[in-house]
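Two complexes, one shared chain (chain A), two partners (chain B, chain C).
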Partner chain A sequence: MRTLTLVALTLTAAFLFRAALDFPAWGDPASPAGLHVSRFFIERSYDDARTPNLVTATLADYRSYDTMFETVVVFCAALACFFIIRAAREACVANVFHYRHAPTGLVLTLRRGCPLPRLRGRFEQIDSEWTPRSVILETVSRGMIPFLQLFAIYVLAHGHYSPGGGFQAGVIFGASYILLAVSHDLRTLTDHVAERTMHLLAAAGVSLYVGIGALALWAGMQFMDYGWMTLAFGMDGPGAHSLGILLVELGVALTVCASLTTIFKLVSSEGTIMEGL
Partner chain B sequence: MHAALVAVIAPLFGAFFCVFSGWAGGKREHWIALTALALSATAALDALLRVLKGGPQTYLLGNWPAPFGIAYTLDPLACALVFLIAAGALLNLWGARREIAHRYPEKDHTFYALYLLAAAGHMGMVVTGDVFNFYVLIEITALSCYALISMGSERSELASLNYLLLGAAGASLYLLGVGFLYIKTGTLNLPDMAAILPAMATAPAVGAALALILLGVAVKMGLFPFHGWLPGAYGEAPAVAAGLVAPMTTKVMAYVLVRFQVSLFPPEFLRAAPALPQIMVWLSVAAILLGAVMALYQKNLRRMLCFIVLAEVGYMAGGLFLGNRDALTGTVLHIYADLAMTLCVFMAAANIERRRGSLAFEKLRGLFGTMPWTMAGLTAGALSMIGVPPFCGFFSKWYLIKGGMAAGHWPFVAALVLSSLVNVLLFFRVFEIAFFEKDERPGLVAGDVSAARLVPLAAVALSLPLLGLATGQIVERVVVPLLAPLT
Partner chain C sequence: MDFAPLLGKANFWAYFFIMLTGLYGMAVKRNLVKKIIGLGIFQTAIMLFYVSIGSKEGATIPILTAADAAGRGGIDAAAYINPLPHVLMLTAIVVSVATLGVALALTLRLWRRYGTLEEDEILARLRGDPGGEACTPRS
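After this line comes the complex of A and B, so read on.
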């Protein structure tokens, strides 16, 4: 079987190399990919959408319908994860809680509803498998997270001019939440953003995207034609497209950020969203 | 022509609203889903009537001119299939509210959302006229189907993983092929690409691209020898999900092959590689025979149906690659017919499973007595799969056999006839158990399932003879315009 696989792979590789020899030379300015459709994008994107970044204009305006479905794919991935690995709600209610007495390092395991003893010093709730918290890690992360989130917003807002846009912004924003969970614990993250919030945000992001497209129908235009904003907000055509791009990118960022965080929570806690990593 | 668009985005919005409703604590997901699918079916019907009246149309998304933006290509073939998918998804979901609420407490809203996303993905694949957009929709459909399938019986997670690995490989092959085509042509729009390709039909990269696309679609379609995922995935899936994916996915992939065969693959390409259609027809013969033989060995109704689906994939692929007019007509008819009759038998099987808990043959005893209406539906589907006139399965098979004879491909004809005979054997074995053997176990729930499950089944069962009687109309108004450029 191994030999057979090896032979099949070698044949396929030879076949693909043979095909690759037929490609235009690397970086050839006269290759079909550079001449036919791309020329339209290169020549028109600034006038059409006031967006110097061709990639953004292409993916969020000319081929916006594709990007809409790509965003739905991310949303769908979060739903699939939730559907498959989320544990039943009963299994997600803890019966025992662990508290660590900070000055002495003593760990108390209490049933639900039992009050903590009155001792001097702080009790902190910990996971059943406790790893010591690092002051340095927590402090540095706490300092970094706001800047990460600010940077995500910058990447989103600056997508018209520089590499970036909704997907990247969503990933960076989601990463800041994941950093919070990694440097503290999952409970800290869940206290900040509940599971429900994240699901609603993910659905809101895709709804925003598809809704922007569907509002064009209301104005009697083709789906995903941002031109309806000229009627609604009284702006010129390219300005409307520029704003449309920003709004759909915002939808993408919301969905990507919320979906990534949801998937991370589910996978790291084996579906219970209580503790883990 | 907003109707076709509404057909695709109504289920999308439905999916979002299901998530909102579920997390806001509502219990209205079932009605949201049904409304979305009903809207979708109505819009698809409207689109179908428009293209029948006004001829094929394109819908420009974002109002960008055709090769630069993304466009729908709408013709009667596509619109009719979209209507069947939307109506089928609606009927299949209709009576499943209790079953879903019972099986997935706390998660039912996600089930509905994934179901709607899968339906939207199937419809989007049919209407799109852009080869990359098609890939994106494959992703959505596949991802939602993996999730739906994995929550069935205890073995379904493994089956779903198997499907995921093979399906991801198939989709990647397709994407690689699209990449090659883009390098050579610089476009992704289907009609535009079809206009450019004939000039370079014999270029090695184009040949490789078309071969990769063909391979990718064949994997997704479950054609022999890439069928390994199919019986497990459809056999172990939860009943409602199986009723969606088993009728739809393979048929949509067959539709895509028809579309590519008619309007993308340049005739010079097939002439330069005459062995390719031959190989594909032989693979189809193998698929038909394998499906028929393996179905005989099954001890479970749903698994038996899965292997019949495998054989049906062979019918469609074989007819497609025989390439003559009759065979292509048969393939198109069979896409519609097989969608309806597979839906019919899977819905009937879901009803039986709901009452009896399992579809193992020994659980089918005495069904004609206790569940007469469901069994009537199963009988209608079975007669159509066997190929009894006036059910639609007869007419498509008739054209396929005619096409096989015209091409002089006797093994294909023989395989078709043999598989029909095997279908007779298979279904009558089921009927024998269900009719003659009595079930005297205590505690058996007597009576048929609720009307909410029987009425949709009856509608699907009635559509089978109606589709059959409409064959002449379908051929004249759908197939003839489609094949007109070929002559």
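After this line comes the complex of A and C, so read on.
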């Protein structure tokens, strides 16, 4: 089996290396990929959508069908994760958890699913993998998280003029939540943003994207033609496309942020969303 | 012998090497997590390949300069690298993270059921002893 695979791989390698001889050289301005539709994107996108960042204009305007379904794929991945491991959470989890109240050192024993009492100070779970909290780690990450989120919003809002956009902003925003979960614990994250809210945000992002496209149908235009905003808001065509790109990117950012955070929560806690890393 | 046309494609050869490394990991390794790592390496090679297709000698990043954005007409397409591969890979990177999550979720489920991530051990258990959940308490 192993030798068979190696033979197959060697053959593939030989074919690929032979095929590479016919490729255009690296950085050749006349390579076929850079000639036809790509020229159109570069030359027309500013007049069509008033967006200097060609990647954003191509992503959310010329290729907005593609981006819409990529967003749906991310959303479906989060859904799949949920149904694969979240639904089966009852099987192998201990029913009793022990929590230590950090200021007093009191240890509580709770059945799973019972809420912790509303006391000042933090509870931390004690199990066989319990490690003492690091004050430095918590303080530093608590200082970093607001700036991460602010930066994510900047990346989203400034995606027309600088490298950025919905996917990047969503990933940065999701990373700030994951940082919160890693540096504190998963319970802190779910206290800040409930699981239900996360799921609603993911669905809201996809709905916003599809809704922006569907409103064009209502205005008698083609699906995903942002030109309907000229009628609704009384702006010129390129401005309408620019606004459409921003709204659509907002939808992408919501879905990506919520989906990646949900996937992290599910995978790191084996689907229980009770206690993670 | 003239090596210049060969060296001009050295980048593609590097990506082929990375891609085949990933393919080897997916095909030969028995451990499911190692297969997932191989998948990640494979995807990285594809992303590098696409981004490399978009490059143009002497061109700048695909964001119009202030002069080009203000000017009427006359944008030189050769002055900006091809935005299309960047668009495709931008979405592919995020989707690859999401699919990685699904793969890890499936792996967790398998671990919970069979107590192992070795492919041949799982197959052996499927053939011989299809018993229930591995971690249900034995009476």
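What we mean here is this: the second predicted complex is superposed on the first by the 236 of 277 C-alpha atoms of A that agree within 3 Å, B and C clash if a C-alpha of one lies under 4 Å from a C-alpha of the other, contacts with A are read in each partner's own complex, and residues count from 1 in each chain.
We adopt the following convention: contacts are C-beta pairs under 8 Å (C-beta built on N, C-alpha and C of every residue); 3 or more make two chains touch, one makes a residue touch a chain.
Note that the structure is predicted; figures quoted are calculated from it, not measured.
Contacts of A:271 after superposition on the shared chain: chain C is touched, whereas chain B is not.
After overlaying the two complexes on the shared chain, residue contacts for A:53 are found with chain C alone; chain B is out of touch.
By the touch criterion defined above, A:64 reaches chain B but does not reach chain C.
Of the two partner chains placed by superposition, chain B and chain C are both touched by A:38.
Judged by the touch definition given at the top, the superposed model places A:73 against both chain B and chain C. Of the two partner chains placed by superposition, only chain C is touched by A:167; chain B is not.
Contacts of A:84 after superposition: both chain B and chain C are touched.
Of the two partner chains placed by superposition, only chain B is touched by A:18; chain C is not.
When the two structures are aligned on the shared chain, A:26 is found in touch with chain C, with no touch to chain B.
Within chain A, the residues touched by chain B in the first complex and by chain C in the second are 16, 20-21, 23, 31, 33-34, 37-38, 41, 63, 66, 70, 73, 77, 80, 84, 88. In the complex of the two chains, the chain B residues touching chain A come out as 2, 5-6, 9, 12-13, 16, 19-20, 23-24, 59-64, 67-70, 104-107, 110-111, 113-114, 117, 124, 130, 132-133, 136-137, 139-140, 143-144, 146-147, 150-151, 157, 180, 182-188, 196, 203-205, 207-209.
Interface residues of chain A facing chain C in the complex, by the touch rule stated above, are 1-2, 5-6, 8-9, 12-13, 16-17, 20-21, 23, 25-29, 31, 33-34, 37-39, 41-43, 46, 52-55, 57-59, 63, 66-67, 70, 73-74, 77-78, 80-81, 84-85, 88, 91-92, 161-163, 165, 167-168, 170-171, 256, 259-260, 263-264, 266-267, 270-271.
Of all residues in chain A, only 15-16, 18-24, 31-38, 40-41, 61-66, 69-70, 72-73, 76-77, 79-80, 82-84, 86, 88-89, 196, 199-200, 202-203, 206-207, 210, 213-214, 217, 221-227 touch chain B in the complex they form. Residue ranges on chain C touching chain A, taken from their complex, read 5-6, 8-13, 16, 19-20, 23-24, 27-28, 52-59, 61-64, 68-69, 75, 77-78, 80-88, 90-91, 93-95, 97-99, 101-102, 104-106, 108-109, 112, 133, 135-136.
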